[in-house]
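You will see two complexes here that share chain A, one where it goes with chain B and one where it goes with chain C.
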Partner chain A sequence: MEKVIEVRDLRKKYGNFEAVKGIDIDVFKGEVFGFLGPNGAGKTTTLEILEGLRKPTSGTIKMFGEEIKGDVIPEIKERIGVVLQQTSFLDHLKVKEILELFASFFKKSISIEKALEMVELKEKVNAYPENLSGGQRQRLAIAVALINDPDLIFMDEPTTGLDPQSRESIWVLVEKLKSNGKTIFLTTHYMEEAQRLCDRITIIDHGKVVETDSPEHLILKYGGESKIDFSCTPTPPTEKVEELERELQGKIHKLDDHCRIVTKDLTQTLEKIVLWSKKNNVSLTDVFFIEPTLEDVFLNLTGRELRD
Partner chain B sequence: MKSGNTLLLKSFYMFVRDGKATLMMFVSPLAFMLILGFVIAGISGGTQNVSVRLAFHLSKNLQPFEKALEQEARNAGFSAVFVKDEKTIKRLVSSAKMQMGISLTSTSMTFFYNQAFGQYNNYLRILQKFVSQAVKKRISGIPTYVEAQPVKINRGVNLTVISFIVPGAMAIAILTACVLSTATAFSNYRSNNTLKRLKVTPLSGNTFAFSIAVHRFWSSVVSSILTILAAEAIFSTIYSINWLLLLLITSTAAIMSIGLGTIFSVVFRDMWTTLNFSTILLTVMMLFSNVFYPFSIMPNYMRIIAHTMPVTYFTQGLRYALGISPMYMSEFLLVNAIFAFAGVMLVIIGGRIMFYFERR
Partner chain C sequence: MKSAWQFFKIHFLSDMRNRKSIFWAMLFPSILLFILVLTFSNLGVKGSLDFRIIIVDEAQSVKGIDYANSLISAFRSLSYPNKNGFFTIVKVMKGSVKDAFNDVLYSKADAIIEIPRDFNKLVMRSVLFARLGLPFAAAHIKVYYLPNEASSSLAQGAIDGVMDEVNSYMMSKFNYHLKEFTVQSETIGEMMKAPTYTDFVTPGIIIIGAFTTGLLLVGPKLAFMKRNMVMKKYASTPVSPKSFFTGFTFSKLFLMIIQYFLLAILAVLVFNSAVHIFSPWAILYYLFTCMIYILIGFDIGFLFSSPTAVSALTSVVNLPLEFLAGIYFPLFNLPWYVNIFVWSNPLWYATNAMRQFLNVGLSTTPMWLNVFIPALWGMASLIFLSTRKMWKRI
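== the complex of A and B ==
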């Protein structure tokens, strides 16, 4: 598979503090590559080095097979689109004018109409960005990033601070870009975002790559066991609960108003619980299955939570 | 080229739609001049006819022409007093009893003037005209070392402080508008990440810097012309305007000011620091230059400081273009060349560094 980005032993120091500690990354053509980590993990620093906004202390970066030495050359800039964490547009310009302006910076560009259609902002063509909602502004930022029809798009936490509806619309947009064959480098600290959008994920913590794999493999390898939460009516006596524990060969955790059992085999465990409830004339209420997530992966890999 | 043209057009929209920027560029020089003008006019009591008194000392061989000179002076609306020696002239001029003194021999002419008297340049011109005419008409036998140059100035001329102040006020207002407007624009673009966003495109820093500078440039030139016309209409200033020179000095000074603004925004990356520094520097420039008072009344140390201030040369050039202050044409052109070169270089360097600093 063709490598779009190849990073080796990338380091970035600020004085005595090393924000990025020798990381290796490979991003392949057409994939959505997720860079997942808590705030301050080194995600944005790494991304900005790749975008040409920060100087690496050491390490090598190749983009489209070209080694980046110093500033990113215009030929590479022609092929990339960037969505910054906080985008501000030039003041007093309308949506259409902003896109026209950015289109003029590149040799190749798509039409303004097409860009607006992709981000579903056609009706806002003559609006000023300050009159757009947060989600619309972010979609405009994406339209600006797409105006040169880039092969590679960098997105730095594109849904941070957005409401669920706006977030969903950005996710749909990213999925659309992926289906159009674009390579996307996405940083996020939202596990559900990474899980839904990314083909492969690199988990970064304290400036170091902890693990890289597909979300499914990461969960399988490091997510741990599934959980079943359930409540019973009437509340069974302690000896009956102990009976179930013996049956399941595991500990039942009593939480506020329900019980939790951790299991490797969800189906078999559920069957045993149902049988136990019938045998003891207990009704099962509020049964929930909790699958392991990237949050669990992160917790298991780093010993701390993603939003720490 | 495509990006340059589009950026120029879009930055024009940005400029004209930005009320604060247009207000700063167009209205502030006018407002500054008007406020200052009314204050100065109030203090100085408006325009007034100044009685010009000249003290003459003639060498022995020229004394027969005393009456002729006296008559000529009277005809010109001045009073001439003839004294026995140069020492008396010095005493009369230093005590401000006479505005000017002239010691005339058949081989030399010495002018005496009081440095504390701000408008001496005008008197020099009046004097030159008067003496030249006298020489032409009445005095024979004096060699032609007295050069007769026509000076457009009225008899019993209206010498007003406001005429002197307006160019200074205009210079400081244009400088302030260009420096602050440019510096705040670039600082703002940096703080809201616009520069960062532009840095990741193939656009060059210079192209961006020039597109922002261009609209500040033309607006300051237009604004300065409006200010002069308003000053003439409202305060009856009497200028002998050389429009070409006025356009030249305003344009080059605007370029230089924009260059300064660009550099300030690069050096002081934070907008408030940029603004504070620019304001302090402009205030210092205003006070330690010839904006409000001529060199002649400055103490020596202040003259040295004044000569390091760009606004001094801008004001001097403006006064020259308005016909109220002498300056060698070569000096005027040199000042303009330096302003234009320095301004363009500062914008180029500033534009490059501005984008360079976005890669930390």
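== the complex of A and C ==
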């Protein structure tokens, strides 16, 4: 597969502090690549180096097969689009004028109508961004990033601070871009977002890559055990609970109004719980299964939650 | 070039659609002009002040008689450190009055008293003719002053006012009442008439307008763009810093040009000011100072990242510089430590230069300094900006 980004032993020092300590990344054409890490992990620094906003201390970066020495050259910048974490526009400028400005930066650009159509903001062409909703402003930011019809799009936490509906519309947009063959380099604080959108994920911590794989494989490898939460009516006596623990060969945790059991084999454990309830004339109520997620992967790999 | 034009267009549009920008760039200086002219156009001045006088004695003695000396003594008796002094005599000199003009122009003195060549002859003749009961032409002295400088105008008035006492002195000395001993006042330089307050204040208001635009529409806007990652967004595209700075700078400059004509036309049409608004030197010098103010705005914008901090600093810088620029009132009799700020204030030099170029009055500072000091500020701003690595410091 064609590599769009190839990073080897990337390092960045600020004085004596090394923010990025030898990172290797490969991003392939047409994939959505997730780049996750807790705050201070070196994620933003790496991203800004790739976007051409900072210079690395050492290491090699290839973009579109071309090695970047020093500043990211304009020819490369022509092929990338950047959606920043926080997007503000100058006040008192219309959507159309903002897009005209950004279009003027590039040798080739798509029409303003097309860019707005892609993000479903066509009717807002003469609106002022200050009158748009948060979700619409973010879609405008994506339209700005798409104005040069880029092959590679960097998206730095594109849905942070948005309501669920706006977030969903951005996800649909990202999926559409992917289906159009665009390569997307995505950072996010939302595991649900990474799990839904990303083909592959790299988790970094303390300036180093901890793991890279697809979300499914990461969960299989590092997600840990599933959980079953259940309540019973009537509440069984302690000896009956201990009987179930012996049966399951595991500890039952009593939480507020329900019990939790952690298991590797979800089906077998569930069967045993059902049999136990029948045998003891206890009705099972509110049974929930909690399968491992990327959040668990992240916690297991870094010892921290993503927002720490 | 395409992107520089786009930057110019969007920043200009953004300013023109922004009520705050319109207020600071257009309305504020216009309102200031209205308030000042309406308030102070009939200003009278009262109080005890010290004026610095130079006496130029050109008189030739007639047969060993020198009335001029007596006249100088009369003025000395009315000067400090005498108890009832009205002014300070900086120096008494022989020679041509033109040699003393620069002292008044550059604020070393407020007025010149010239005792003319034929003074002794005229006094002698008038004393004689008076004794014989014949009509005679009174001897006179001349007072030279700058009508656009309040201290100078006041000094001229003060000399006129003390002439009765000078006459009394002369009468007691020669036992004769020289009541027709008169003062003729002359303006220094090419000025035709004393400027009105509108004429006086208009060049300064034009300078304030440009300065306010340079500071308030450049610094806070840059800080906003930095804080909100607009600059970062630009930096991630192939657009060059040159395009941004060219477009941005020219959008402000264009606004300042509109501002110049708006204020000047307002002064001329509404307040009957006699300023020469189309003077090419005035326009050129104005553009030069506008560039300096934009550079200072850049400095402030890049020094801080918070638009609020930038706005606060702008006010802190703006107000003292305005008040120490002699825009609203002429500056004189200031303590030396305040004068240090005045002498380093680019607005003072710009106001002085614009007064001359708009034909309001002669600049009270040498023209080379009016260019040099603001240019020095511009150079310092440029050096500072070059150390900030502006484009990369996002």
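Methods note: the second predicted complex is superposed on the first by the 306 of 308 C-alpha atoms of A that agree within 3 Å, B and C clash if a C-alpha of one lies under 4 Å from a C-alpha of the other, contacts with A are read in each partner's own complex, and residues count from 1 in each chain.
Just so it is clear, a contact is a pair of C-beta atoms (placed from the backbone, for glycine too) under 8 Å apart; a residue touches a chain by one contact, two chains touch by 3 or more.
Keep in mind that what you see is a predicted model, and the values were worked out from it rather than measured.
Chemist: Do chain B and chain C fit side by side on chain A in the superposed arrangement, or is it a clash?
Modeler: Verdict on chain A: clash between chain B and chain C.
Chemist: Output check: A:77 vs chain B and chain C. Expected answer is one of first, second, both, neither. What do you get?
Modeler: In the superposition, A:77 touches chain B and chain C alike.
Chemist: Once chain A of both complexes is superposed, is A:288 in touch with chain B (first), chain C (second), both, or neither?
Modeler: neither
Chemist: Quick check for you: in the superposed arrangement, does A:104 touch first (chain B), second (chain C), both or neither?
Modeler: The answer is both, since A:104 touches chain B and chain C.
Chemist: On the A-aligned overlay, A:93 touches which partner chain: chain B = first, chain C = second, or both, or neither?
Modeler: Both: A:93 reaches chain B and chain C.
Chemist: Return the residues of chain A at which the contacts from chain B and from chain C coincide.
Modeler: The answer is residues 51-53, 74, 77-78, 80, 82, 84, 86-93, 97, 100-102, 104-106, 144 of chain A.
Chemist: Considering the complex alone, what residue numbers of chain A touch chain C?
Modeler: It is residues 51-53, 74-75, 77-78, 80, 82, 84-93, 97-98, 100-102, 104-107, 144, 148, 154 of chain A that touch chain C.
Chemist: Within their complex, state which residues of chain A touch chain B.
Modeler: Spelled out, the residues of chain A in touch with chain B are 51-55, 71-72, 74, 77-78, 80, 82, 84, 86-93, 97, 100-102, 104-106, 144.
Chemist: Provide the residue numbers of chain B that touch chain A in the complex, in ascending order.
Modeler: 2-3, 5-7, 10, 13-14, 17-18, 188-189, 192-194, 196-203, 358-360
Chemist: Going by the contact rule set out above, which residues of chain C touch chain A in the complex?
Modeler: Contacts found on chain C: 2-3, 5-7, 9-11, 13-15, 17-18, 224-225, 228-230, 232-239, 394.
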